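For reference, the structure is listed below as structure tokens.
Labels for the chains are A, B, C and D, by order of writing; each one numbers its residues from 1.
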């Protein structure tokens, strides 16, 4: 009897790339709100989600994870750490505000698979994010007025996006749209020719049973560039206008998911 | 209407990590046959496959790919090239000889997803493989008697396996067990707690409609080490005895897959 | 007139891999003291340094840097961040206690060159280090009694070393031996056959004019493994006994260096 | 007595990143000739070299190496393989035609150090190059009329350059300017403030005592892009006009170097 939340499945289930939930996350998040061309991006929504304009947010996140099954997974940092770059777009689902993620990148294959399982189209990329440290130094920004942070992401020798933010004041707000109310598109491909290679799984999904908190929340101003260099179609999300920037520490736990609709 | 064989699905389907089949492959393959502990490895077979002893083969492959959809994909070498390290074990399916792949590693995320789609539990690793070149040099082995080639694979800071082969004479044989008659275990995880996190998809699958050819086929002797350093449970495949070694050029096309059994 | 502290030298000096000093560093340091075979390691000291026993320290450091020339270099995190694994051994120089670094690894080529310039034999490796975050989470240790941190380093598909520490109580001590009183061996190779390929530069060097401070200093217990897998001769530093463990935040500035002796 | 052509120097000299010469190389080379702005690039020549116009060549090379000291180094492919992207510009030295290399990138730290030793300003980058295989496949170009090959290089999340060539006919020519008559600028930085941080070593150097041969030499047409994304000052080499393209197999041995002038 093979065991494992994901492949590889093995007699004891210890080789699984992704551990069984709950999944615990902690990390820093940078976000810059922007406006993209509403008509161009509307076409990126799956059936069931309705366009509601051109508002988007770009994120850079620097994560460490653990799970119920491997509580001290942070002692395997090569498995439990990853960096992330993502774009979220506003939309509605049955009349309610929601967010959808058309493009997202991580630098760890377990994190990529975990994302695919709950509806994020994660690909691998090289990602770099400025850090702060708890000691004053010319080599790091402080989480304080004037503190500056940057993020860079590239895939297959091509820049995908870069961001720079400058903190202005503490806030209790978060960027909009946001991961917080995302609806995912879970997909698993199908190699059967007789099916026309149509996906084996194609569902709208939403997280359930999660919890979390934030700290060190700041608002400020930002710069954002999105590139058409190596990611086909990403150019449709070029920022027409760049808005507010946000920084925060975030911790949350993810334990469950619901399928909203089967789109096949 | 979103398009794409895999995620990310986009309006024009150009961003998909994996192109629509047919998938064309060309590359060099090194193989070393070995005997593992038959009792230990029997437990790695999914339901439906029966153990038939301790014969295994370790492979290192150096691939370049294209597809019907992207015929000159080799002009994006960052997407179309990958290296692979794999272990195949003998088994039977309904009384017929077959092979099963408990562990396999690649260095490209598109290749990893493609493998997962047809039943290979591909994880990312760093992989290095000796090359030959079509000009005589002290810096490369020749595909000739005495030619030596090596492969190394590591994941998460730990060595997984290494191999060295020395060519002895041309052959028309291939290693046994082999990719050629593999039955895959296709799996897609399930984050729904109510299902006990049991896989959404768990199938025995087999390739269909493929074709291919080989060249420069040599047989010889080999060395093989498998490590228990960073891959849990891999230690069950430690070689008790090492057998014949093989080298070849291989090209093949994969177009279709059949589901043999739904194991859920 | 070409400019640049290092190559590439260019008309404006902006392409240099390493900026002109002062160099500012900030980061976290983990250390585990150990005893190696005093006879074996004595042979790793260059002329001018005298052996004083088998005491060594292994370090994992997680750095971010800036410089006088590029004060906000942390906004290019891909250049300014690096992780480091190192071994320091005790010795004496003209009767005074000192430390020497026989093996050190980083994951950034600018950091490697910078080290070579002041006497560290830096090679590239994959390095992973547990992080703490300023928010309570199951996904990260706290800098507090019982907090556990780990580090892993691998080069060329082979594990070099790994470490795990558990914090016990605040301290004002640091590990011994330590970077703080290191004497470096600055070397630049020589491709001229007529010189017998003897180094062009071979000096004992010592930092000068530096300054720094530490915070969050903790002492505890540790585990340490050193591997003979891919780094020739590293096996001479296998720990016979493992001692105290340390954790701290560190910031320092390096501005100058002295040549103590020309060893050619 | 410490041994080693380069650091780390050890009792047996086995840990050196770079082995003692002779150095043997084998690999494939792609080249595209181009014209850059002669005035802009003239400023990239060190003292002693004279500008002679705007002719440049961009190269992508896919190498495997061995040495007299480690004859079967190709059995450590992780050390002995590397890919390279380079720009060469025409110049003269004492009235004779020569070439100078202002920017060059490799994906292996030993190769980077080896280059720095003989006057190439090598930095690390991610580099990908199309391969051919000795078996007919839709997944690879042939070395024949119509065969297409591509190369991509990126550093620190930014594209540096990309190239595509199409073979037209066999040739006995090579690109101009070329590695074949390069004069290098050997530099080693100096951290001593009292010296104003002026380089410790700054020499014009030239290879000596080498030998080599080529095969599968083809000429054709090419495309070339150079980017100003992550390499400061590289924009001065933007192609104004793109010329002939070349492909070849190359093997050569390097054993010695002469210092032409000390530029300090």
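One rule holds in what follows: a contact is a pair of C-beta atoms (placed from the backbone, for glycine too) under 8 Å apart; a residue touches a chain by one contact, two chains touch by 3 or more.
This is a predicted model, so every value here is computed, not measured.
*Asks:* Once the contact rule is applied, which chains count as partners of both subunit C and subunit D?
*Replies:* Common neighbours, subunit C/subunit D: A, B.
*Asks:* Between copies subunit A and subunit D, are the contact residues mostly the same numbers or mostly different, with half as the line?
*Replies:* Mostly same residues: over half of the interface numbers shared.
*Asks:* Compared with subunit D, which chain's mean CA position is the farthest off?
*Replies:* A
*Asks:* When the centre of a chain is set as the mean of its C-alpha atoms, what distance in Å lies between subunit A and subunit D?
*Replies:* Their C-alpha centroids are separated by 39 Å.
*Asks:* Centroid of subunit B to centroid of subunit D, CA atoms only: how many Å?
*Replies:* 34
*Asks:* Two or more other chains touching the same residue: where does that happen in subunit A?
*Replies:* 76, 78, 126, 128, 152, 156-157, 230 - these are the residues of subunit A that touch more than one other chain.
*Asks:* Chain touch graph shape: choose line, ring, star, complete or other and state it.
*Replies:* Looks like everything touches everything, fully connected.
*Asks:* Which subunit A residues qualify as touching subunit B in the complex?
*Replies:* The contact residues of subunit A facing subunit B are 1-2, 5-12, 14-15, 17-18, 20-21, 43-44, 46-47, 76, 78-79, 102-103, 109, 112-113, 116-118, 121-124, 156-157, 185, 187-194, 197, 200-201, 208-209, 230-234, 236, 254-259.
*Asks:* Residue numbers of subunit D touching subunit B in their complex, please.
*Replies:* Subunit D reaches subunit B through residues 24-28, 64-66, 71-78, 80-81, 126, 128-131, 133-141, 148-152, 164, 213-216, 249-251, 253.
*Asks:* In the complex of these two chains, what residues of subunit C are touching subunit B?
*Replies:* 126, 128, 152-154, 156-159, 162, 229-230
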